[in-house]
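Look at the two complexes coming up: chain A is in both, with chain B in one and chain C in the other.
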Partner chain A sequence: MGGLGDAINTWYASNNNLINDSGLNAILALSVYVMLACGLLSLASPAYMAIGAYIAALLSNNTGVPFPAQMAAGALLAGGVAFVLGLPLLRLRGVYLAICTVGFVAIVQIFFNTWTPGGGGNGISIPAATTTWQIYLILVFLCFLLWRLEGSALGRSLSAIRLDEEAARSLGIDTIAFKLGAFALSGVLAGLMGVLYARLHYYIDPNTFGFDTGLAALTYVVVGGSLTTIGSPLGAILITALPEWLRGLNDYRTVVNGLILLGVILFLPGGLVELPRRLQSLAREGVRRLGLARKDGG
Partner chain B sequence: MLQQIFNTLINASIYALFAMGYALVFGVLDILNLAHGAIFMLGAFTAVQAVLGWHWPLILAIPLGMLVGGAVGVVLDLVAVAPLQARGSDFLTPLISTIAAGIVFENISLGLFGPDAYSFPSGVFPQTPITIGSAVVQPVDLFVIALTVLLMIGLTVLLRYSTLGKAIRAVAANRLAAQLLGINVARTVAITFFLASALGALAGIFYGLELQDSISFNMGGSVQLRGLAVIVVGGMDSIPGVMLGALALATSETIGITEIGSSYTDAIAFGLLFLILIVRPSGILGRGGSRAV
Partner chain C sequence: MSQTPALVELHTISRFFGGIRALDGVSMNVRAGTIHGLIGPNGAGKTTLINLLTGFYRPTSGHVLLDGQRLDGSRPHRIARRGVARTFQNVRLFSGLPAIDNVLVARRRGTLHRSFGRLLFLPGAARAERAERAVASQLLTQLGVDALSRRPAGNLSYGDQRRVELARALATQPRLLLLDEPAAGMNREETDRLGNVVRGLIRPDRAILLIEHDLPLIMAVCDQVTVLNFGRVIAEGPPAAIARDPAVIEAYLGTEDDDAQL
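After this line comes the complex of A and B, so read on.
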């Protein structure tokens, strides 16, 4: 037991940053995923994340509000902002919605850049509190929740909206309520992640909460598979850990990293979650060919 | 005042050239090419390498940068976009595949040129300032503005009257119908990528000429968002719209800097973007749909 325990401890000690960031990115990816689940492409998650992170900073530095209450505050406030943002954006679709959310992210980022209580562009320090088991407990809980949602009538309504909004509405699905709900849930998830992020990294500044972070989160979801809950954390963990696994390649690891992303998109259009089925069908194809060859031979 | 108008026109030229590339590809394929910022960067690096490394005159380095940018655009289409289109994918997967391609391009450039910022040498363009009324402008400024206007006119004529332009518009309007009429769709799309990327590369070269120490592997990030703002403000489907959008963005930035202070310029640009999207999602001059160049 001792040997295995030690081995795990050593592995954890040298990789804990990576493990923590993978978990956090997985939560951020879920916040993009819940929007995509009803056909909305949003890159607003970094803005919600910023709201959560700055709430955590303010509450930790100025008050004695306990950590769990900070999580609730960050999640609820970000969720509220997301809900309000959703109101004017309901009529936008596809790329237009995406670009508008990019605009929102830029505005929020500029706000925090000039906001003195948060240190402006210099950022602000925060006492650390987040631990690995908290991140993964929350991640597993969220995955379970969303997985249950997927199979429920609620989840089926969401995918009906994703497939054909007009048809969904004609079936009596309140599309507006569902879409606003998706906005709010997306805000809650990213806000919660923002609180965890701020209290993991000791320090936050506005640069973190920009366009690139949103694109990265979207990439996690699409690479992992945007049609099931489990795809988002899979993609997040793979993409966060990949540069580390490629460390041996030194200078060219980021190039290879990009090439692997490209490869996944090109060969697994449904994302990584498709890999087992894809391999299975390849194997079956191989067996069939072998069988045919044998028959021809005999 | 006149000076500020000139500064605005220079920025507007760069934004318009860059955003035209977005608009061309979006018009034909309905996808956002997020590797466009990386092509902007590759164009600038090619030209600066030709001038600094191989001592080419600028007048040859510019077409070379555009050619390389255009060629990279075609490779991007063949590798990261066309295979997905052939499979009938949604707009989301090409978005991600172009991001991935952009990461590859940026890191190849990082590997080749390192993280340093480069500039064109100061003697690369005549430096006798020209006085126009109360404004003092550099010859390079006039060159940038004039060439941009010429190219925009040229592009309008090309799209409206040439066979190629008609093919591009036919593919934009209806891919399947265009194919049935005997238009080589794959080739037309590749040519569109070439044109769009050559314009993006030229925008990068102009950016490098106008701004000291601006050519670095991640220079595309700064125009990427502005390009999106321009096509949204102007409408994704018209050349005059893109020019107007670029002008509106550059003007709001100039006013922002002089009247309110530079830290709020982006807020103004994106506030404008936000408002227009909410009020009129197809842009100021857009024709309602999201199609057609």
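After this line comes the complex of A and C, so read on.
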């Protein structure tokens, strides 16, 4: 028993950065997922994350506000900003919305680059506080909430909006309210993640909160599966951890990432969560063909 | 019967798209407890009228009353909540969702209670959800597609999709039901069966506005018929009178002059 405990401790000690980042990325992925759930393609999550992270930095360095209150502040402020951002962007769909959110990320990044209380482009140091169990407790809690909502009347309404907005409106669904809700929730999730991120990494600077972070978050969701809650954290953890497992491949690690993304888009449009069902149906098909071949032979 | 007050009143409704007059001064009343047919050649403005009644378009001029209260200018979901439901000319189901979920989406009452109650595992929320599911299931049974309730709506045959779509519209408990060419793509037998179904949907406090190209169906089920042509009402009356109306015959078959030009 002691041997096993030691082994886990050793494994954790050598991988804890990876474990922490996987959990954080999973939360960021959820913030993209809640938008996709009602058909909104948004890359704005890094901007919300920046708001959460800088709130955490300010409150930690200048006040005695406790960590949980910082989480609440970061989540609520980012959620509020997301809600306000949603007001003018509501009419946009698909790639047009995505382009605007990329613009918003650039604006927020430039703002923090010049914002002296946050250290501008030099970044700012923050006392660390986030622990692994906090990250995963929050992640599991969030997954649980979203999973329960997904099977509820609200979840069905979101799917309806994603599948046919006009038909949804004709049934009495207030699509504007739902979309604003999705914006706000996306902001809350990424803002919370930003607080956890800032207080994990000792130091933040505006470079972290750019377009590529948003693109990575979108990749997690697409690879894991954008139709169920569990897909996003699955994709996030897999893609975050994968480069480390493939360390032997050196420079080709990102190539493997790209191949996985391509493979999923081409063969598993529902993401990796679809893999077991897909394999099952393939196996069934194989057995059927085998049976046919035998019959033909006999 | 002609004494019942109008559920829906259209007062000189016009809707222009650029220079095109899709509807031009249309006035008509639809009474509760009746099936009101709306016919006319392609491009006569029938679907425009449905989009006006459901709030997807606003009239360029004129106004619409439901129960004496202004309907135009409200947003589509508010109009739906006031009891206006529709089916679409080309069926628009939520194709990835099971048939029964398509119907459940239309059961809006208690959505927040049912959803957040589910988060907290409240037994009342589960009970309410089961009750809504029973209503949805019963509607699918009424339309004869209960056996397909768990199949993704997009995988159903065209006729079955139309039935699910009708069940979905009924799930909102509409006072005004707008059917946009429900018999399109159906053969005679299926159309006749649809006619029976539509007749069975009539309630004393409900009006059905039936847009259709299939004249035998219109004649069989409608109490009143309005004929549109080029955005104007060219005839109105009981089906038998409409069938003899020279203006209607001209709109549908063309005049002798038209034939001469051909």
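As a convention for this text, the second predicted complex is superposed on the first by the 298 of 298 C-alpha atoms of A that agree within 3 Å, B and C clash if a C-alpha of one lies under 4 Å from a C-alpha of the other, contacts with A are read in each partner's own complex, and residues count from 1 in each chain.
To be clear about the criterion, contacts are C-beta pairs under 8 Å (C-beta built on N, C-alpha and C of every residue); 3 or more make two chains touch, one makes a residue touch a chain.
Note that the coordinates shown come from a computational prediction; the quantities given were computed from them, not determined experimentally.
In the overlay built on the shared chain, the residue A:I107 is in contact with chain B alone; chain C does not reach it.
Judged by the touch definition given at the top, the superposed model places A:E166 against chain C, while chain B stays out of reach.
Of the two partner chains placed around the shared chain by superposition, chain B is the only one that A:G94 touches, whereas chain C remains out of contact. When the two structures are aligned on the shared chain, A:L266 is found in touch with chain B, with no touch to chain C. In the superposed model, A:S226 lies in contact with chain B only, and not with chain C. Set against each other, chain B and chain C differ in how many residues of chain A they touch, and the higher count belongs to B.
Judged by the touch definition given at the top, the superposed model places A:V255 against chain B, while chain C stays out of reach. Overlap of the chain B and chain C interfaces on chain A comprises no residues. Residue ranges of chain C in contact with chain A, taken from their complex: 54, 56, 75-77, 80-81, 85-86, 88, 92-97, 101, 104-108, 110-112, 114-115, 118-119, 129, 132, 168, 172. Across the complex, chain C is touched by residues 145, 148-149, 151-157, 159-160, 163-164, 166-175 of chain A. Residue ranges of chain B in contact with chain A, taken from their complex: 26, 32, 34, 79-80, 83-84, 87, 89, 91-93, 95-97, 99-104, 107-108, 110-111, 221, 224-225, 228-229, 232, 263-264, 266-267, 269-271, 273-274, 277-278, 281, 290. Put simply, chain A touches chain B in their complex at residues 36, 41, 88-89, 91-92, 94-96, 98-100, 102-104, 106-107, 110-111, 113-114, 211-212, 215, 218-219, 222-223, 226, 251-252, 254-255, 257-259, 261-262, 265-266, 269.
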